[in-house]
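Encoded as structure tokens, the structure appears first; notes follow it.
Chain lettering (A, B, C, D, E and F) follows the sequence in which the chains are written, and residue indices restart at 1 in each chain.
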Amino acid sequence: MILTAMEKAEILVEALPYIKEFYGKRVVIKYGGAAMLDCDLKEKVMQDIVLMKYVGMHPIIVHGGGPEITNMLTRVEIETNFVDGLRVTNKDTMEIVEMVLGGKVNKEIVSGINASGGKAVGITGKDARLIEAVPVDSSGQLGFVGEVKNINAEIVETIIQNGYIPVIAPIGIDNECQSYNINADFVAAAIAVAMKADKLVLLTDVPGLLKDKDDIESIISVLKISEVSKYIEAGIIAGGMIPKIKCCVESVTGGVGRTHIIDGRVAHAILLEIFTNKGIGTMVVNE
Amino acid sequence: MILTAMEKAEILVEALPYIKEFYGKRVVIKYGGAAMLDCDLKEKVMQDIVLMKYVGMHPIIVHGGGPEITNMLTRVEIETNFVDGLRVTNKDTMEIVEMVLGGKVNKEIVSGINASGGKAVGITGKDARLIEAVPVDSSGQLGFVGEVKNINAEIVETIIQNGYIPVIAPIGIDNECQSYNINADFVAAAIAVAMKADKLVLLTDVPGLLKDKDDIESIISVLKISEVSKYIEAGIIAGGMIPKIKCCVESVTGGVGRTHIIDGRVAHAILLEIFTNKGIGTMVVNE
Amino acid sequence: MILTAMEKAEILVEALPYIKEFYGKRVVIKYGGAAMLDCDLKEKVMQDIVLMKYVGMHPIIVHGGGPEITNMLTRVEIETNFVDGLRVTNKDTMEIVEMVLGGKVNKEIVSGINASGGKAVGITGKDARLIEAVPVDSSGQLGFVGEVKNINAEIVETIIQNGYIPVIAPIGIDNECQSYNINADFVAAAIAVAMKADKLVLLTDVPGLLKDKDDIESIISVLKISEVSKYIEAGIIAGGMIPKIKCCVESVTGGVGRTHIIDGRVAHAILLEIFTNKGIGTMVVNE
Amino acid sequence: MILTAMEKAEILVEALPYIKEFYGKRVVIKYGGAAMLDCDLKEKVMQDIVLMKYVGMHPIIVHGGGPEITNMLTRVEIETNFVDGLRVTNKDTMEIVEMVLGGKVNKEIVSGINASGGKAVGITGKDARLIEAVPVDSSGQLGFVGEVKNINAEIVETIIQNGYIPVIAPIGIDNECQSYNINADFVAAAIAVAMKADKLVLLTDVPGLLKDKDDIESIISVLKISEVSKYIEAGIIAGGMIPKIKCCVESVTGGVGRTHIIDGRVAHAILLEIFTNKGIGTMVVNE
Amino acid sequence: MILTAMEKAEILVEALPYIKEFYGKRVVIKYGGAAMLDCDLKEKVMQDIVLMKYVGMHPIIVHGGGPEITNMLTRVEIETNFVDGLRVTNKDTMEIVEMVLGGKVNKEIVSGINASGGKAVGITGKDARLIEAVPVDSSGQLGFVGEVKNINAEIVETIIQNGYIPVIAPIGIDNECQSYNINADFVAAAIAVAMKADKLVLLTDVPGLLKDKDDIESIISVLKISEVSKYIEAGIIAGGMIPKIKCCVESVTGGVGRTHIIDGRVAHAILLEIFTNKGIGTMVVNE
Amino acid sequence: MILTAMEKAEILVEALPYIKEFYGKRVVIKYGGAAMLDCDLKEKVMQDIVLMKYVGMHPIIVHGGGPEITNMLTRVEIETNFVDGLRVTNKDTMEIVEMVLGGKVNKEIVSGINASGGKAVGITGKDARLIEAVPVDSSGQLGFVGEVKNINAEIVETIIQNGYIPVIAPIGIDNECQSYNINADFVAAAIAVAMKADKLVLLTDVPGLLKDKDDIESIISVLKISEVSKYIEAGIIAGGMIPKIKCCVESVTGGVGRTHIIDGRVAHAILLEIFTNKGIGTMVVNE
């Protein structure tokens, strides 16, 4: 479809109420899944993030990096075991995880944002001790899989206040300087709470929470946290959705205004969520 | 035409390079003519201005007020004479001019901007002695028609630095506190120079400077100031275009990056000028 | 009387304790009545205000404009009706009210202050939506006579913090951008409360509140708000004094230190109130 | 003479143009002589200084202390020799000079200013190494009589920018931490230059520079520095006037706007100089 | 002992944890006794103070001046009486006290600090009315011996925030501008409280509080304020220790983190207290 | 050797003149070689850096990563060719280089500094487009080996001004977002110039520039850039020293005060250079 310049101007103007509403707001975005693999989607996410910054929001990016890690582990012939869906992370594995997340994935996102006209700065949880971690599993079975113990958010504050977009790799550190691999969703939630974010957006590979997993029309647009246990019992929140929803609950109970599970396979999903009246995906609210 | 949300998102993203280019820039807009009379156009100008502010520019509005003044002079039965196209302005006329410009037109623009989501503050050249004036005509024949002698721009700086959009009525003041009615184009040019603006945009009721006034296709897109005298001799710059072009020349020689004569009868003309590659109307440059 | 320079120096020095006491304080002045009509008084008020600014106070001016409005309505042949002492204000009347208050009276005061060496900036309640209003009379009988619903004081803060003296016309605005004519005393009181002023001074055409209206010696110098109802019952507070006193009560209960009704017909009445030990007129206090 | 409050208000207002002219200006005052000995004069100087601060000037005080030093030297039975009018200052003498200047005279002035409502801070040239000195006499005959080698003005800047009035004792220090007694006039001039003062005022015990020393009417109101040598040859600038005039010349050639020799025996001499059109005493200008 | 450069570097590095712990902290030091008399000790105190400033602490010095005062009183033949260990201070005595403390001792410390590379500014309690005092003895028997009534700490704040080290002479002032001689320990405690200091260090001529005054090994390293009365009853806290301990109690109950009585006869006693794990002397804590 | 606390205090105090001299100064440190491989040396470098920050300097770290890169390339079985001592860097190699430098080496240094009590933030030249690069070899033979085209130093400024220590991996980026591997010495020099550093320190594995490479006593302590060509001709500057010296020359001609080649195999080499009078290694100066 070919639009005249004037039709385009109209559309910019339509965005005004949303721009106004989100001016100066902080939005934490968990970036991962298909939106990170598909070249075209990737570029659109970068554009969305840069646009957010230019119209006055403070986007804060937390990324995962699963397939790249697996790929690299294969190249260096480290075998991976999974326990309860979590990668058992020994010292050798952790070394690769850090290199891939902090040296490759993180910097690719930084470059992508910069190429789209933004000014991104990539850090991991080791920088300025941003993410203090403890092992998720005290038995030691999982090795260096961690969970967030504390967020030292000043460095993120410094970055956003000076006009940059922070891009954060989900690596934590403990008091002995041991690194930990942490689930990026939970890092995003913890940072959203620490930064007093107004919104947390999880880019996923599903349309949202569906009542009937085979019927996209059955999407639950608004999920109250008081309903969560009911839905778990009913099996509607199940499998990989359980930690995602748990993550949203932590975030909204920690004071983040709204938390969204949206479909990263949709182009410009983030802008759609922010600049349209209905939003997309499933929004979790503190009720 | 009905667009999907995603198509709209694409259009927002297309604007990014322009948003980036003009981030933090100062744009003085002379607002007048049809764009001030037609309700729909008026609203669109307001939206354009507010959008500019939200995406990081500093719009500064200078307005005229011709028809409203004439209308009010008629109501109070003051007869108006024109000499060389300039309204002879005696004491009684000046009183009405001030009331209409400062009390009515200025505040309507302010309200319009505020209704579109901005925060406007309306002042005249008397406030903080913004516009110091002298009579344009030392013989006194024209009465209180003035020209700019000096701009005290600090108040405009204060207004933009605190997040407001200044709206300026073209009334000047001399050392004896006598008010003067000044041509809004020239006030806009003087303020653009004093504020070190990057752009001056004159909203007019013509498409720009035409080589053949009956052929809209003959528009001169870029006018170098070195060509001006040639075009005047050739009669291409003639009539009401002469002062407008003179005003543009003053502005670009005073250091304003670019100056534009655009067609205010076109909806969203300001956005079109800023957010499209070609721009519209005639751009005057310092070459 | 001719004073030597040294005698004058002594008098400056006598003012020191008062200068010190009011350093950095905010004083809202309702300017109207005779002090606005008489040329000589007018000039002295301007001088008083500028002096206040230079010795470290923050004067904030709110003005009325009665006679000028009536005069202009006559010229344009709009008939005025009054209900309960309030001008019935239809659309045509409101248009004239705005022009006269915002375009003429406001700017004359601005010019007067500037001529006395200050830097004034004149605004109305429409600028930056300073004064949000609702109709005073829900029946609609009075038209666009409003009362203050909310004050957005940031613009006044910006003006005083940057070294300017704000001059405010008592025009309010509602959510539909409809203008309202509001009693200037009440606007002054509301702004004094919103700006956390230390003092509100109402310039009137009476010496203050008199116990016996024919005996100027019977002036009540200090009026406790706990005494107000008693005095109303006794008929001592009556007629036009009732809204003035109501306005003072609103102000002191809203946190303004002291509120004064003083006689604007006396030259330099404001300085007398501030720089003499006894003050003049009637002071209303929160007891 | 008894003035009404209103007459007093008029006088305050008369001061406005002067207040405006000197707003934000720096005025260095050399305080000494009769104005320091007479109780009543002393109080008036303090009042003048505090008033200056409250109306927006930055007074900076440098004081001498002659008689108090002599008095104390007598009490501790140290004999004083003078060479060319300069006190020979050995180690014992210097110890007393420092105690008297820094511990007594300086703090009395500080107290006096504070009692008049100001906030004074007293320092000597040793504090923050404000005054770096060298011996005035390399032969050593005069002992620790010094002259200014360098002024480190940051501490004075800190004091005035934080709302305080600096009071400075003319003691210098060299690289070996040896103290020096320096002529207060020259310290005042050096500080005026270093602080880029607009005015230097020397309070003396003469009416100014007189053509005929017995005729007070013969005062030279304005002295151009180009005339100085002529007047010295003519014997009009002679004796104690020579160093004072030299000091003024240093000051104006160093960039201080105007330098004044005024009669400290006149009450409120400082205010008279600043707040009257003609000024008093002799003004030295850079012509 | 001769150390290699590398051994010295190691020692610097050992200090890191302490530097980190005290970074940005405020430490009030009461300077007096032997550390002020012995030349070598004096120099080391100055070095300690400057080092503290350079590694990020804010040292604030309060000094006494006993022997110098006595010496000067003798020279001017003023006889001194003591009542309960307090010097009876009449007008003549007070004059000498002020000169010696403010003009001599204070400035010697200032010079010492500056010679060691710091930037010190010396003031007394009269400057900016830092120390408001009342007579310690209402009967008048002691004359102008005072106690602290109020601390106006802004001037000390200004000094430390601008990179200077304040040096304070313990002279107070009352509303009639009368000076008072105040015990320096109590001034230090009051300033520590007013400045929300983290540490108060009293340099004394004893090793600390000893259980057995003849056995240096019997030192009480930590004294809880709950134990004070018990120790007084037992005669362990006795004589000159009573006011010192009282002073510490005032300080810690006023919010100062820790208060220390240390032995000023030990070289670098202040650094030892701060940069070693155990500290030295007796620490009084709020338990 | 066991030192008493007091001896240690003395040594701290000895450092004062150096601390003072370098207060607020910027020191760029190229970290590499043995000092990065040996665990003990590594820890000491971290301590030196943290100490520098705490005593008021601004250390800025640029690191290399040679052996780790080679090691990882071996693990993933990428063969490396060298041309003129430069690693031929194809796409696959570059991917590994980035991961190792940005994800492993950089973050290990960050962790080390943080473990020593500092607050480090690690970035690469891609972050905020810090290092813009072009291929060093236009023929393409060397692949993605780059040289610095431009430094965008704002991000480093932001990091140091907010109390953090920047750690920079020498990866550059071009306009097409292609990464380049750049020699860390040259990156350090370019950053030193862009940051207007006072000192550039290159940690190497040699004692400095030796006249006779077998005689450590023949070290050239001060090398004037005017002598460089002479020494190259004489073969004294040869081999790997040539680029190092070239790098120093670029730095000092670019405005960096002094540039040092020091021996990283010596413990606390950085502190020794800064805190001792003679310095160590070879200093290159602009003469």
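Just so we're on the same page, a contact is a pair of C-beta atoms (placed from the backbone, for glycine too) under 8 Å apart; a residue touches a chain by one contact, two chains touch by 3 or more.
Which chain is which protein? Per UniProt: A, B, C, D, E, F = Acetylglutamate kinase.
Computed from a predicted structure; not experimentally measured.
Enquirer: Which other chains touch subunit A while also touching subunit D?
Expert: none
Enquirer: If you average the Cα atoms of subunit C and of subunit F to get two centres, how far apart are those centres in Å?
Expert: 68
Enquirer: Using mean CA coordinates as chain centres, what's the subunit D-subunit E distance in Å?
Expert: Centre separation, subunit D to subunit E: 35 Å.
Enquirer: Could you grab the centroid distance between subunit C and subunit E? Build each centroid from C-alpha atoms only and quote it in angstrom.
Expert: Computed value for the inter-centroid distance: 55 Å.
Enquirer: List the centre-to-centre spacing of subunit C and subunit D in whole Å, with centres computed as mean CA coordinates.
Expert: Computed from C-alpha means, the inter-chain centre distance equals 46 Å.
Enquirer: Counting only residues that touch at least two other chains, what does the list for subunit F look like?
Expert: none
Enquirer: In graph terms, with chains as vertices and touches as edges, which category applies: line, ring, star, complete, or other?
Expert: ring
Enquirer: From subunit A, moving on to its ring neighbour subunit B, which chains come in turn until the ring closes?
Expert: Here the ring order, subunit A leading and subunit B following, is A, B, C, D, E, F.
Enquirer: So in the complex, the part of subunit B that touches subunit A is made up of which residues?
Expert: Going by the criterion above, the answer is residues 1, 3, 5-17, 19-20, 23, 44, 47-48, 50-51, 54-56, 116-117, 266-268, 271-272, 275-276.
Enquirer: What does subunit B use to touch subunit C in their complex?
Expert: For subunit B paired with subunit C, touching residues are 72, 75-76, 95, 98-104, 106-107, 110-112, 114-115, 119-124, 126-129, 154-155, 158-159, 162, 164, 171, 173, 177, 179.
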